[in-house]
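Below, subunit A partners subunit B and then partners subunit C, in two separate complexes.
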Partner chain A sequence: MIVRWAVVSLLQARLRMLASSLAVAAAFTLVFMFRAVWEGETRQLATYLERAGADVWVMQAGVSNVHMASSFVGRAKRREVESVEGVRAAAAVLYLNSMVTFSGQRWFCYIVGIEPGQRLGAPWAMAEGRGQVQPGEVVVPGVLARVSGVGLGGSVKVGDRDLLVVGLSEETFSATNPVVFVHREDLADLLWLEGYDSYLLVQANEGTAPGELARRIEAEVDAVEAMTTEELVESDTALARQMGTQIIALMTGICAALATLLVGFTMYVHTARLGTELAVLKAMGFQRGHVYLAVVVQSSLVAASAFGLALAGTAILASLTRGLATVVAVRLTPGAVLEVAGVGALVAIVASLLLARRVASVEPATVFRT
Partner chain B sequence: MSRLALGWLRLDASRSVLSVAGIAAVLAVMLLLQGVKAGLATQLRSVALDRGADLIAVQPGVSNIVGARSVLPQLARGEVEAVAGVLAAEPMTTLPLIHERDGRRTPLLLLIADTTGVPRAVEEGRVLEGEGEILIDRSLARIHGLSVGEQLEIAGYSFLIVGVVEATAALWTPLAFTNYDTLIEFYFEADLADDLSAFPLLGYLLIRLDEGTESSGVREAIEAGVPAVDVYGPEQIADNDERLGRTMLGAVLDLLIGIAWVVGLTVVGLFMFTAAEGRRRDIGVLKAIGFPARMIVGGVLAEALMVVLVAAPAGVALARVGAELVGRFAPLYLIEPLRPVSVTLAVAGLLAFSTAGSVGPLAIVRGLEPTEVFRR
Partner chain C sequence: MTDASGVVRTRDLVRTFGEGRRAIRAVDGVSLTVASGEIVVIMGPSGSGKTTLLSLMGALLRPTSGTVEIAGQDVTGMPEARLARLRARNVGFVFQGFNLLDALTVEENVLLPAQLNDGGIGAARSRAEELLGRLELLDRRTARPATLSGGEKQRVAIARALINRVPLVLADEPTGNLDSQRGAEVTMRLHDIARDEGCAVVIVTHDPRIEDVADRVLWLEDGRVRDRRADPHVWVRDPVCGMQVDEWTAGIRLTHAGRDYLFCSERCRERFLREPGAYVQDGGDRHRNEGVS
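Up next, the complex of A and B:
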């Protein structure tokens, strides 16, 4: 009965409840968007690793990342790796994390040096032009070409040299680390580096498990680290997530505190209006615990409706973001939704507790005073 | 009108306090987010500005310290020092590394220099003196629970932590500092590679000028006489590093800040709407006893204004406390929430939205029959 009363009394103040739910939903939406943008950008970082075509990546000993890392392995290592049982093909890329200038605007890019004819590690989907580069040429992400206005036949500056854009690749853009492809020699010149590769990309023979092959390469080739693509993707996304974990947790905490305040405020205004009814309930013999239960039910309903509205709002914002701000990747995971749901439940409980004293102080006799 | 507004505020002090707290919290969220962007720029700029150089020589085509790999030929130092007006050209190298401890990996940027370039003051411990020593940023110490006297292991090599320095992170990556003797030892003893020729020894030259020397003239003379280097003032490199941060994270941060502002201002509007709508009965009573509409509207607006005026300093203080707490518990992030432009814009936005939110329910009250309020 008390639960029914709680629901009915809440529905009687529909307009106020809608306004409150929208306000709380706005706070939850903010949390969702923080997580969605961070997750989207983090996942985007791994796209090159996933699509480069390798089963196993071989790198300098002690290195276990591409993101924020540098790796150098001697050119001779490639032959050693190719001779390991279970290796179908191996190719090398040179890699540098550095600035590339697109019509005066600098972008921090993954610069990948490849050789003509190389398929492993080269662009896998093209919007326009070709994916193979000769010295003096570059393939850039199509999104970046669109944003900067540098198209096919234009030039971008890598280090101190201007390179001709010969291809626009797809799926290679992220706001934090777009991938550009240059000829290996150009990158070697820029790095002042001869006789080195950064990563070796290995394809396994059919029937050979990538994990098993990686362990075999580490056992047979000195001073290298070998990781399956899955392991490397996990390692890179974990590193990127860790860099932002604290700030995301912080923002989630701030927004959760804001949502708590909003739910608390709503319930405060609501219970203030229902003072007489609460007094009647007490006069009718309902215990304090029943009245608390009513407040908890109402807080939970506000938080739950806000959560639903926030999910809908985030979906709309995410699609708007994809449409308008093509440079930012947005991705909402079930894990993030569950985490925010947990925060929402906590918000409802804490907001109810804020009102405990007020509810407890309602005197049954109040009903006769008005 | 102000008496009416004050009366309403006093009538239910708890509600007024909650209103002020809610709006202050919204303002704090908006300022903190804006502060993340401002702090990121400050951190990036300080990498170049704190090196103590009058000019910085880099590999041609490179114009950053953060996110760049610069390699200079060994002979460049002597050639630069031979240019008139140059007092000294001290070498500096940067090396991106990843430290792993207990399964947690943190990227760090190791800055190698002997005299100019390394911090001369530490928050804890002492400055670099010998081989094998390292200074680490406070954020790295906090993330991994490291302290002075402990070892920092990278690629199988153990650095001895002799000091902890404050606020030397960039792009959410902590900096660490060591000297050239340690770098050489690290290259030879760490499990890096069979052949070490790929690893940089000289990345930058930190140039100090003779007293009273005009830097632009010396810069031109170096670039004309030493083709292996480009030369920039620290301010230019700082500008470039800041621009790098804007390019990398600007779109993401601007999107989040934009959403936070829209959400924050909407919340304030809805907040005031709920507050004013909750006062519907009081307003109805005033209307029933003959208060003119002008006075009621004025009272509602004055109440909104008073709430925002009290909430604004509270929100600014909350943002400042929030930034300090972040500095203490997550020192990797510098938050500068109190830029005058941000504060002014945020307070103006709050005023506009809270006013709009408060006035909304008046339309409902306008249609309220005076007798209706006495029915319950």
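Up next, the complex of A and C:
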């Protein structure tokens, strides 16, 4: 009955509850969207690794990433890798994280150097033009071309040289790290690097497990690290997440604090309005814990409705983002939903704790003065 | 618990507010015993300590010194959690302002204290049915307090006070917000049920009509129980409803156009304030406040 009283009395103040829930929902939506954008971008980061066609990636010993990493593997290593039992095919890419200028706009890109006719590591889906590049040519993400206004036949600047856009690729764009493809020689010249590749992309024979092949390559080829695509994707997304963890935690903390204050303020006003009823409950013999339970129920109700509103709001915003601004990848994961639900529960508890003293200080004797 | 020991017993009860030279002894050495089935009315001027005494007797307030026993248990030094349990099982409250919970229906308001009793709400449903029937509230059981009249609200409050078959009911100005007819009706119902169930009732009031149902009337002044004046009543008329009001005990007063008026209830005073001209006529009031010029 006390829980029913708590719920109905809160619902009676509909306008206050709605205003509070909307305000808290706005804070939760910020967390949701931040997480969704971050998760979307992080996932997008790994798309190239997943779609490049390799089962195993071979890189310089001690390197375990592509994202934010440099790797140099001598050209002779390719033949050594090809001779390992279970290798069907191997191809090399040269790779650099650097700025590429599109119509005066600078984008931080993954620049992948490939050779003509190469399939492993080359663009896998094209929107327009061709995916193979000759010296002086470049393939750029279709989204980036659209955003920057550079089309087929236009040019982009990689390092100190202008390259001709011959193809617009699909699934290669992320706001933080779009992938552009250039001829291997152009990138080698840019790097002043001869006789080295960055990564070897290996396909396994049928019946050979990628993990087993990776271990075999590491055993038979000196000074290299071999990882399955799955391991590399996990390593890169973990690195990306690690880089964003503190920012996300800070953002979540700020929004949670804001939400706690909002719920706390709402409950403060609400308990002030219901001060006499709280005193009546205590006079009747309800313990402090009973009254506190009522406040927790009310805080939880505000937090839960805010969570629901935020979830709905985020779904709408995410679909709008996908529809209107495809430059940002948005992905709402069950983990993020659970995390915000946890934040909501914490907000309700902390907001209730803020009121514990107030609830405890309600004097039952005041019922005779009202 | 016997009549001899009393349902509620106070000994040399003192309650002081403030400290040092500013200390006020709201209750000053009160000793009294109220037995089962007894109806005691406590009267006295405003500020005489009536409500403080009622709070002490209901274990809502701790005494500065002296003792309070409820249902044979000394509550003076009892921890708060035990006090709350004791109130739930032994004391029912009726307030001037009704103090019903707006979010609950009539029936839920009545059943609420049963949540704290053995058996809980389920076991109290038939009792609630019985009380609602006796107080003629069965057809209003699903109504919200906001839709009830003052008299109905106070009847719900009485049912709520009695739901746990408590041995003691404490009522603070139960007719204070009711007009004379409804005040009399509520008083009689409280009297009848308390008598039938053998519970002790202590009523603090300014309303002299309640004296009619009392077994004992105590006069509290300056925190002490005193003898009443030899001539206890100087009757004047409430200018709104025409009811007789005891000038000496009436607490609801108003000065208008240089004259003092006494009222039986806040409601009458509010009606007077809205339209004084309707009650103060040329050559005299419609119902003259004869003793207060």
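Basically, the second predicted complex is superposed on the first by the 370 of 370 C-alpha atoms of A that agree within 3 Å, B and C clash if a C-alpha of one lies under 4 Å from a C-alpha of the other, contacts with A are read in each partner's own complex, and residues count from 1 in each chain.
Quick note on the criterion: a contact is a pair of C-beta atoms (placed from the backbone, for glycine too) under 8 Å apart; a residue touches a chain by one contact, two chains touch by 3 or more.
Everything quoted here is computed from the prediction, not taken from an experiment.
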Review point. Counting only touches as set out at the top, which of subunit B and subunit C does A:Ile2 meet: first, second, both, neither?
Key: second
Review point. Touching A:Ala306 in the superposition: subunit B (first), subunit C (second), both, neither?
Key: neither
Review point. Taking the superposition as given, does A:Val291 touch the first partner, subunit B, the second, subunit C, both, or neither?
Key: neither
Practice item. Classify the contacts of A:Val139 with the two partner chains as first (subunit B alone), second (subunit C alone), both, or neither. Key: neither
Exercise for review: Please work out whether A:Glu277 is in contact with subunit B alone, subunit C alone, both, or neither, and reply first, second, both or neither.
Suggested key: second
Check your understanding: Of the partners subunit B and subunit C, which touch A:Ala175 in the superposed model: first, second, both, neither?
Key -> first
Check your understanding: More residues of subunit A are touched by which chain, subunit B or subunit C?
Key -> B
Exercise for review: Check subunit A for residues that touch subunit B in one structure and subunit C in the other, and list them.
Suggested key: none
Check your understanding: Which residues of subunit A touch subunit B in the complex?
Key -> 15-16, 19-20, 22-23, 26-27, 29-30, 33-34, 37, 41, 60-65, 68-70, 72-74, 96-99, 105-108, 157-161, 175-177, 190-193, 195-196, 222-223, 235, 238-239, 242-244, 246-247, 250-251, 254-255, 257-258, 261-262, 264-266, 268-270, 272-273, 317, 321, 325, 327-328, 358
Review point. What residues on subunit B touch subunit A, complex-wise?
Key: 12, 14-15, 18-19, 21-22, 25-26, 28-29, 32-33, 36, 59-64, 67-69, 71, 96, 98, 100, 104-107, 154-156, 172-173, 190-195, 197-199, 230, 240, 243-244, 247-249, 251-252, 255-256, 259-260, 263-264, 266-267, 270-271, 273-275, 277-278, 281, 322, 326, 330, 332-333, 364
Revision key, fill the gap. Touching subunit C in the complex, subunit A uses residues 1-2, 4-5, 8-9, 12, 276-277, 280-288, 363-365, 367-370
Study note, to complete from the structure: The answer for subunit C against subunit A in the complex is residues 51, 54-55, 58, 60-61, 80-81, 84-89, 91, 93, 95, 97, 99, 101-104, 108, 111-113, 115-116, 121, 172
